[in-house]
């Protein structure tokens, strides 16, 4: 065992990389759930984004186009969910599961020709002298644009929900859809937009996995990341800032266990591999055990079917 | 303009017709998908739905496979359907299936090479207990801490997969296997094997258990207080509490039953068709069973039929892969599509569709 | 002078129901106009059409002489029409200011809005702190949020749907003062209610609806309450008959019952004590949201309390669940018919099974006896004149009155020693309400102890022997109903809470 092989600078830098896919998916799902919709299809949208982004990047040679395609792919898939749950009033839990199962199949189908290929590299963002700062430069100022975009996105979502009128309306729809309808807000339209945003972000997160983090395409490569993103939204008590915390916490566990595996620590490899899932379960338990907070934080209409009868 | 209008009483006719219509629509959409992949759509549909049963060349092999594949699907889906009806969402059956298999096989490997009548019954018990115990984790967390059972049961699938890997590489590895991962083959250990009961049918103890589960679930749901409480809790949780149903007890019962049945399915599989614990032992029955449960309208007889249909798509899919080069993933997408159509058509049993513009003056 | 709003021949048909049939009336500026009718007469549908929530099938409206056909509430608000809903369209987890901003077309920035809320609330004697969470407010305060939301838009027409159902008599007086002030400033008010006395006190004109049609129009001040009631219902209603009943020993006793609320916006019960004798009806009044649901849950067994807090003939039963209480003849019927007292999508037979399995022997060793359950459902349907094609129909297919008769009948026919009901005639037509009240009185006459929790004071005065009031989870000591004035009852319900002071300051 050689723990000295673990370099804290690289550890933090790779933590950010590991956390970003989940951060993106979770912040998207946060907006969806704030509008009162529970979309359990995050895993399916992520993996669809992963292959759409990968395929587009390989075909065009442009990672940027890849990320764009991933967002379109994730959003397109989420619209199936939107159509079923918002217009045909299907059960959101069942439809979300169906979306995940379908997404896994569809992505494997699209991805057949792409196994073993290498995607074009995503460039680091040139931050000039910032990147040259010792230690810190390596740690936080030498990343690609998507990482920074994801951090900005957290801020934007926070501002949107907390301080904008549109965000207020979105929260109102999620809190009590009947009252929002009575005030004349278009519940279904607002929710569809939220669902599409959630799909796009999940897709982007998936593409970050296949284009940067791994970077290659394998079937089922998200391996539960979408579910962890869902858990992080609960952990965050539906608050944007805490989604960031949750995602980076998870990223830390994921990177640390990989480093420990590499260092040959005397713990079974399987236990280390399972640790991100176990930690997620543990965190969920701690959060939900706090009864008062969990009940207040969840949007009032979350997961409930809306049918405008009047 | 299309308007939906809630029916005063859910339509039974639509409720029964929706799955059939969903299958038909999936065939059409599937044909389009296959055409887009450059496969002759009619040939693909025939290969998937017709040839496994009636093509002389393949039927002798694939007909028994129907029951082999349908057995675990039905067994798991019956358990899941009870929970789904009660609003208890166990989606980690895959993990419970794995743990049942590990526990069942563990008993066999521990007793090897003892030749006694009680080996197989003990394995059955251990398999059910293994799945049950794995499902009790989300159940206890749900009842004690209100932790979301959907997320916990699902995340535990990944943990179970790691345990499976650990077992097939470590503790359960066949000492005579020349270092290859995977356990001894239980089919070659008569006291522990789950053989084909009637040659050429694919019938094994797991399929028998599936049929028994269908009958038991039917009686439970239609004739027993517990079944009534399960239905009540799912439709109207507050009314259920008013009626005196303890929601925590239902969570424990539903997760417990579905876990035990998934564990049984895993145990029968490892002792029969699969034969051994290996890294790639689980093939997604636990997830496909979710589709089976919904396609069967959460009704025991419906699940029986849906399980057979879904088994057919598995076998047909393999055949299409072999004959037409259709990718394996296509079948998975095909199954997902089926569930979409079904969920979408569900609206018709609760709502009436009105066409035409409403008059506005 | 052209009326402010003219409604001409409005019609609306829902499947199986004609909600509105050629309804015409008009409202002048500064007029307080009553829309009177019993439940199901079509009042709600009519105002929803005026507010743009429902599109009429036929007819048209003009507002100040200009054709008016709001496609959505937004258009109605832009035209100067505002509405205070009976079931508030509020958001518990949002603040007062956020709630108000949501109801405005172009709200000012939050800081400025808070100032305007304070200003308007002071002008009209409706104190309200803009930053509080709406979920923490009392029912009366929540109504203030709705009213201020409307007033900030300077409406020409203010629609109020049963506004006093959530107020104490004192609070209602203060609301009337506010409304009169508004009317004096030229705002027209369309006031929906079935409470005759308050319409006579407040309104200039009344349009009376029955079964979707306008049946009369009058000046309510010139009519007696009995005359108005007759126009509204169409026939003279028999008031429930009560036999001069003998009360016996104490059957149900509640002593020091305290129960923290399970949900964040609920009400905790605090030190509640009362007792009910055999043959007696105890009425428990109070404004919505003061612990009615929680009290029913504690008495039905849905919420477990300490064993000694609830006693049946001296035996502690506070920790028993609903099933165990049914076994000893302690029965209950909660307020919410669909989803609590009955499962909407289940048949009446299954709904009979829901509470009657134990006492009626509808299950043997866990196995259900469907023929017995069906027979019991049929017995309830027949005895209580429930209008339905048969016990196989889903609960949600019944009208409110019929389902309520089924729910009450299901409990009454199980020979309870104690029956606790919450809002037994809420949203029920007058004939069904009379039948239900009669059934409760008959039950008491046969020796049961009956607890009626209700927000309808007239109902409680009519049927209860003693009256107590719930206020913020506390119960005022019960007093004999006979001789209690409305004023005294109002004070027992908590008076005007904190509104009095503020209003005096104006």
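Things to note:
A, B and C are the chain letters, set down in written order, and residue numbers restart from 1 in every chain.
In the analysis below, a contact is a pair of C-beta atoms (placed from the backbone, for glycine too) under 8 Å apart; a residue touches a chain by one contact, two chains touch by 3 or more.
Please read all numbers here as calculations on a predicted model, not as lab measurements.
Distance between Cα centroids is largest for the pairing of chain B with C. No other two chains have as many C-beta pairs in contact as A-B. Between the Cα centres of chain A and chain C there is a gap of 45 Å. The mean-CA centres of chain B and chain C are about 47 angstrom from one another, to the nearest whole unit. Measuring from the averaged C-alpha position of chain A to that of chain B gives a distance of 28 Å. Across the interface of their complex, chain A is touched by residues 48, 52-54, 72-74, 77, 85, 88-94, 98, 101-103, 107, 263-264 of chain C. Per the touch definition, chain A reaches chain B in the complex via residues 40, 80, 83-84, 88-91, 93-95, 97-99, 101-109, 111-112, 219, 223-224, 227-228, 230-231, 234, 268, 270-271, 273-274, 277-278, 280-281, 284-285, 288-289, 291, 294, 307, 309. Of all the residues in chain C, the ones that touch chain B in their complex are 15, 55-60, 69, 300-302, 321-324, 326, 332, 334, 336, 339-346, 350, 353-355, 357, 363, 366-368, 393-394, 396-397.
Note for the complex: chain B touches chain C at residues 5, 8-10, 223-226, 228, 231-232, 235-236, 238-244, 246, 358-361. Residue ranges on chain B touching chain A, taken from their complex, read 4, 6, 37, 84, 89, 91, 141, 144-148, 150-152, 154-159, 162-163, 165-166, 170, 287, 290-291, 294, 327-337, 339-340, 343-344, 346-347, 350-351.
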